[in-house]
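In the two assemblies presented below, chain A is common to both, partnered first by chain B and then by chain C.
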Partner chain A sequence: MNRVMLSALFSHWWRNPMQLFTLLAGLALGTALWSGVQAINAEARASYDTAAATLGSGRYAQITARQGSISKLDYVALRRAGWDVSPVIEGRLGPVRIVGIDPLTAPAGIGPVPLGEGFDLTAFFGTGQVFAQAETLARLPKTGVPGIVAPDVAPNTAITDIGVAQRLLGRAGQIDRLLVGPEPSLTRRPLGEVAPGLVQSPPQAGNDVARLTDSFHLNLTAFGLLSFAVGLFIVHGAIGLAFEQRRPVVRTLRALGAPLGRLIVLMATELLVLALVAGAFGVALGYGVAAALLPDVAATLRGLYGADVAGQLGFRAEWWLSGMGMALAGTAVAAAGALRSLARMPLLAGVQTRALGMAWRGVGLGRLSVGLLALAGALAVWGQGLVAGFAMLGALLIGGALALPGLLAVVLRWAGSRARGPVAQWFWADTQAQLPGRSLALMALLLAMAANVGVSTMVSSFRLTFTGFLDQRLASELYVNADDAPQARMIRTIAEAQGAVVLPILSVDHELAGMPAEIYGARDHATYRDNWRFLRSVPGAWDALARGEGVLVNEQLFRRAGLDLGAAVPVAQGVTLPVLGVYGDYGNPVGQVVVNAAVFARTFPDVVALRFGLRVDPADVAALRAALRLGATVADTAMVDQAAIKALSLAVFERTFTITTALNVLTLAVAGFAILMSLLTLAVMRLPQLAPVWALGLTRGWLAGLDLARAVVLAALTGALALPLGLALAWALLAVVNVEAFGWRLPMYVFPLDYLRLAVFALLAAGIAAAWPAWQLSRLQPVRLLGVFRHER
Partner chain B sequence: MNAKVLLLLILFPMQTMAQGFAGLGTTAGDFATPSRETLLEFPADHGAHPAYRIEWWYLTANLTGQDGTPYGLQWTLFRSALAPHDGQGWDTPQLWMGHAAVTTPTQHFVAERLARGGIGQAGVAAVPFAAWIDDWSMKGVDFDHLRLTASGSDFAYDVGLVAQGPLVLHGDRGFSVKSAAGQASHYYSQPSFAVAGTLTLPEGAVSVVGTAWLDREWSSQPLAADQTGWDWFSLSFDSGEKVMGFVLRGDRDFAAATWIASDGRATALPDGAFMAVPLVHHRVAGREVPVAWRVRLPDRAVDVTVTALNPDAWMATSVPYWEGPVTIAGSHHGVGYLEMTGYDN
Partner chain C sequence: MLLHVQNVTKTYPGTETSVLRGVSFDMGAGEMLALTGESGSGKSTLLHLMGGLDSADHGVVAVDGTDLTPLGDAGRAAFRRGRVGVIFQQFNLIPSLTVEGNIAFQARLALQHDPERAQRLAQRLGLTDHLHKYPEQLSGGQQQRVAIARTLAPHPRLVLADEPTGNLDEATADTVFALLCELVAETGAGLVLVTHSERLASRMGRRLHLRAGQLTDQPIGALT
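Our next item is the complex of A and B:
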């Protein structure tokens, strides 16, 4: 009997292949975007983990210099005082991160050097060998050091002996940090006694890169989830329609004696099979999306955060399973309502209850929507924590989407009441009548547009803020690092002789309010006054700073330590100064305090500046570089010019935009597809409404034109509602989620031109989606319209 | 793959590589080779010989606490060269490995250090004598008066050494043959240090006194390719006489020994004069290791049983081996040290 019932149920799909296609395609598209984003995130996280394993960050305590780098003498002194420490030097050679380690002292598991045939230790220690993935080796500039392919090394990272790394990076004798191994000598002497210039920091829970990039991945995930939600709307619509249309079949089957329970099980099984098929397609498609986007994402992460992510996609079980799981769960959610109403359907119920039911649902949805929006508002005002932030996002989006049919109905009623002439009145009335059948597709469009507005506002705001921040922080035309104090003096002398203003960058590592912090000494110079912007400040903050009467703190410290303007900050033993101002410090995980250079010199007399910002006419940068190279033997890698950094940062943002645009286009395509499908399914059902109008004299071409216009009008109305929702979404992301997650708030900017372009895209998508059904209508055989009058309904 | 393990596999390749224990059977290549004509010169030869591939400063001590508890102590510095020259900076080809241990009747504490030469982290200077790796050192104004320190994560020691007799040159004036094929090393010892100092153990500090034996050996290919390990004995009899004897296990065993009279005069004994037969095996670290031996030197009327103080004295270092204090009973009585390498699991 099962077979007979199944074939009866399946016959519906054979007769309506378009519906089957809609169901499968909607689910597959939603799953594709979700799993594509997950694949990118999983790949990136795996890369961070490999990097952490390669570098030992997170597992071992570290020792760093308060200032500059660690000398070989300090390292050996620590070893000879019983410290189980191992040196690491890091730097970039072209695009590749070079990590130099000492395999003899490195803690177990650091530096995965492959044990292959023909490994030559003499070469590793002598002329040197560089271990890296094949693609990294290909990117590595010519060094003369033989490369060895090592798949276990973190992406874009090359590992070599510390001696070789120092040579390649032009930093002879320097060490960046020491990993503190697990087995110190029983008789170890205190760090402060052996090397007073060094500080130890505990292993960090979770590594820096993963924390820094969290916001980026969060955004991608949000995007994926939204796309999936859009996909679900499509699936929900398709399943709902199919179940409605199959009511007669179900009624007949039951009348023939098929038990309801078994019928429901069979239909659920049928959906399960469809979900598995669509899920598999979706995951495969998602793999394609991820593979296409990953190089851009990798480049973005590298540029923004210095995080190295493999440019090639691995096949990971976790996102494959997550994609399939989402497809199944999504189908279950989308089908739950349909299955429930099927279970409750009276044996002899007719088809006509549909419109009434929809209307009733509309009222319920309206109430639900108001409730959700109120909840979102309440969470925005009183909510605490990241979970509340996400709950707010969810409530806002779902509430907004559910409000759409009600709001559209109000607008359409109003337009109808103002309409003059029979055709216009019919147009508005018919549009209103179609609303229940189209509302799901329109909600999908609303969500897609709101997400686009929200995310592009956030990304653009981030870009504006960040480039402004770069201007503030990179005000000097050239940045120079000195190896030691004598070289630093040479640099000053030469730079001043060349007419440059020298701004020494003085800093020490410190701990404030239980979090790691840096204290900077700033010389009183117009560079800072002109370029730095405060989030909050007391009047005359710069003058007070110049007089040494207070400090500036970054937003992270300000928020985490619960400071306020005027609050006392313990800068050092016996030196406590009030907060004069708070500045934005985007992407920095640690706290920062700026004091006047004179105060700094008094408080930390041992610290000499080894880094300098040089203010010079941009045209003279090249000459100054050359003079420093020749006169003070400063390596090229130790000089960074501001234009290069900014160009790099902007290039990174272009990449980010590529990704955002690609995701925008994909979600809009999904929404457009939803519109197309809703119109195709409505087309057949609408014949009884169209036939009388046609009979009254409106030509098929007219009717088709009106349909097209209707699609565009509805899309435009939806777009108008999507804009405030999108802006609310952007605000929530910037001002709530970001603050909860990272401790700093991004200022929000609006980009009207971007929204206009988006609106044009949305109208185009709606128009294109409506074009085919309209064209079909214009070519409809009159006999079918006539048939409406002949058939019994 | 752990880099450290990898490194040692290459530095000191295992028997599986058919190059003798710890790679000591690898051919000498460009390295200097020991020769019978080379006469040892002191104090210069207390220092390092970078032209040779492998070298060690190997001290073992039999100690007694104030309550009569016997202890063993080991301090070893190995040098292994990747190329036959010295160098300054990080890219020197000279690598160093230190092993330290303290053995009690029930416990065995081990620590290991690895370092490269050229940066000051490890090295040996002849005058004034200093051998060090990290915070471990053996140094003094001369080779007869030394202070020895080492520390692991759960033990430490700090003892003074004063030589009670002359240096002993093994083999032919310090040229010690290791196989029938002629592999050899330069080998001398200071077998009679008096020791006093402190052991720091988890239970607390322990004052100890006793005797120590320091071996110095360097070579470039001390073992033949078929030799997979050795059993090495340093025995100090209550009579004041001492014997150093070893058996190199290979296709055909090779044994050699030095008899040291109570006044310090040394006599090299030919292959076959020193005989050692395992009596009791003990399972440690997954291997069967002989921890009691019958040792005979018929020419010297020696027929003794040599028994480990603590049969679990396994050195779980990168290159693992057994090394621990022993007691002697039979025709002679006394204490000594036993080292056994190349016992496969």
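Our next item is the complex of A and C:
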């Protein structure tokens, strides 16, 4: 019996191969969208893990010098005082990052390969060896040191003995940082006593590379969530339509005595097989998309945060499994509803030609949508934490998508009531009647467009804010770093002689409210007053700061420490000052406090300014650079002009846009394909509705034109609803998720021209998707339409 | 002469056997003609050619002086809008429009909508209480009445009915058929009725019988 039933079920696919294709393509595309984004995330995270594992960054406490590098004498003194420390030096040799370590003192697990596993200690210390991935070794300039391929070393990084590294980098005897072993000795003397010029930072301090890149990954994760929703709707639509098409076959089989239970099991098994096949294709497709995008992702992360991510994609089990899981879970969710509907289908009911009509009609959907939107609102007001932020995002998106059919029906009904001509009246009425069959594809389009609006708004707001932030923070025309105090004095003298205003940049690391923080001393100058913008401030904040009566804090510290204006901040032992204002400090993971330069000098008398911002006429920058180079022997690399930094930052953002644009186009294209699939599937089912209108005097070309117009009108209406949803999504990402994740809120800007361009793209996608079915309709043989009247379909 | 059919042949693409082979006949204005024959004899195909729904491979199909054979898609569509009305066995109403919208649809397409006439037709066909309903809310008999009203609303010169009562019970079929004949007679239009029913065919003024795509003088059953 199974074979007979299966052959009847399969015969539908043999007769309608296009429907089988649309089902498989829907499943594959939904999976591809999800797994592509996951692959990029997984690969990037894996790169950080490798980096963290090889460099120990973040895992161990570290000791660094307040100024310059650590001397060998301090290192030896610490070892003798009972400190389990290991020296590290870092630098760039051409495009490659060189890391020098001492394998004998390094904590376990640090290094290219574990000791004892083919690690030739003699060769490592003797002539020297450089461990790196094969691609990194190929990029490494000629050093004369033998290269050893080590796949576990972080991308674009080479590990070698610290002595070799010092020689290659031209920094003999210098140490950048000391890794502190995990088990402190009870007898060791305090750090301040042994080496007062050194400071210790705890594990997972602000320099953790993964933490810096988390905001980027949060964006990608949010996009992954959106793509999951789009994919789920596409899968749901593909399966729903496939079941709808086979209702007559199922009805006939049941009428002939096929047991309902066995029929459902067979169809579920059939779907499982199709989901596995389509899922495998989808994962492969997602892999292709991710591989194509990853070089840009790697470049962006490197540019934004200095994090090295492999530009090539590895085939990782976790995202492969998540992709297949998405295909199977999406299929199961979609099939559950469709199978339930089939099980409840009356045996003798008339032919249901309105695809999915039963599944998506009624007040249930509207109630669910209202409930989800209310939940999103409640979470926005009362929710706490990142999970609540993402739950709000999900409720907002799904609630918005489910509201779409109802809202479209209202608009179409209104348009129909305003229409005057018979064709226009039929057009609106028929469009409304088709909504159930097109709902899922339109929901996918809605989510794709909302994702576009949301992510574009977020990224553009980020760029605008960051550009403004650069104007604020990089107001000086030239920034100069001095090697030591005598050079710093010469820089001041020469700059002032050239008519420049010198703004010393003084800072110390500190701990405030249990988090790492930096304390800056700022001279009272128009540069700060004119360019810095407060998020909140007391009246006359700058004047009060100039008088040394308070501090300015960054948003991160303000939020995490639960401060308020006027709250007391302990700047140092015995120095506590009230908060005068809060400023945006985007991307900085640590807290920041700004005090008046005089207060700073009193509180931290040992700290000498080695960095300066120089205010000078932009036309005189070149002359000033030349004077500093000649008069104070300042290297070109120690002088950075503001225009160059801004250009570099904007170039980095352009790469960020490359990725988001690619993902946006991909999502929109997939949504367009979902529309095409739904139209192709509905084309055959729509003949009974079209044939009478054709018989009454409308040509096939006219009907095709109306179908094309219908697709564009529905896309336009969907786009109009996607705009507020996308803006709400952007708000949720900027004002809720970002704050929960990083402690600072990005201001939101709107970009009407971008939305207009997106609307044009969406209409084009819908038009292109509808063009083929419309063309087919215009070329349809009259005999096919006449078949409707002959009752031969 | 209202209808002139001369030496018409028709073969569907992908098939070798002709559905119609040299069919010729004429029909005057106001005449009522029954077209009978076995399934597959070509009745519906001939009706479709007369209604401008399809085109003949050879021969002439002329309605009210207009030769349909050389007309293209747009020309035949214009012809269907105003000159001819077709009633189908499956009613084929537009499901997304109300009864009122369905009745007025073709007349409005032909720019011949007369609300009073539509109202009168609805009244005669007993549809006044159902004007704001949708086709799926009506019985088969009611749906066919709507189809008749829709067909007659634009004053067609020729009414073509393809098994119009084939889906109705005998009592309803008789009522609907009587109304159809009565209303067509009032408009002075010609009526071609495709039917398997000997009883209905016998009530028409004239009868043509098709067998294997060719007209015969008498149905086989009638000769025996």
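Note that in this section the second predicted complex is superposed on the first by the 675 of 793 C-alpha atoms of A that agree within 3 Å, B and C clash if a C-alpha of one lies under 4 Å from a C-alpha of the other, contacts with A are read in each partner's own complex, and residues count from 1 in each chain.
The working rule: a residue touches a chain if its C-beta (ideal position, glycine included) is under 8 Å from a C-beta of that chain, and two chains touch if they have at least 3 such contacts.
Owing to the predicted nature of the structure, the values given are computational and were not obtained by experimental measurement.
Student: Name the contact category of A:Lys142: first (chain B only), second (chain C only), both, or neither.
Tutor: neither
Student: Could you say whether A:Arg3 touches chain B, chain C, both of them, or neither, answering first, second, both or neither?
Tutor: neither
Student: Just chain B (first), just chain C (second), both, or neither: which does A:Arg344 touch?
Tutor: neither
Student: Going by the contact rule set out at the top, does A:Val783 touch chain B (first), chain C (second), both, or neither?
Tutor: Second partner only.
Student: On chain A, which partner's contacts cover more residues, chain B's or chain C's?
Tutor: Of chain B and chain C, B contacts more residues of chain A.
Student: A:Gly701 contacts which: chain B (first), chain C (second), both, neither?
Tutor: A:Gly701: touches chain C, not chain B.
Student: Sort out for me which residues of chain A touch chain B in the complex.
Tutor: 72-73, 75-76, 79-82, 101-106, 108-115, 119, 121-122, 125-126, 128, 152, 161-164, 166, 183-188
Student: How about chain C: which of its residues touch chain A in the complex?
Tutor: Contact set of chain C toward chain A: 12-13, 44, 48, 51, 53-55, 73-74, 77-78, 80-82, 86, 88-90, 92-97, 101, 104-106, 108-110, 150, 162.
Student: Can you check the complex and tell me which residues of chain A touch chain C?
Tutor: Checking each residue of chain A against chain C gives 421-423, 425-426, 429-430, 432-433, 688-689, 691-702, 781-783, 785-786, 788-791.
Student: For chain B, which residues count as touching chain A in their complex?
Tutor: 1-4, 6-7, 9-11, 82-83, 89-93, 95, 111, 114-116, 119-121, 132, 134-135, 149, 151-156, 200
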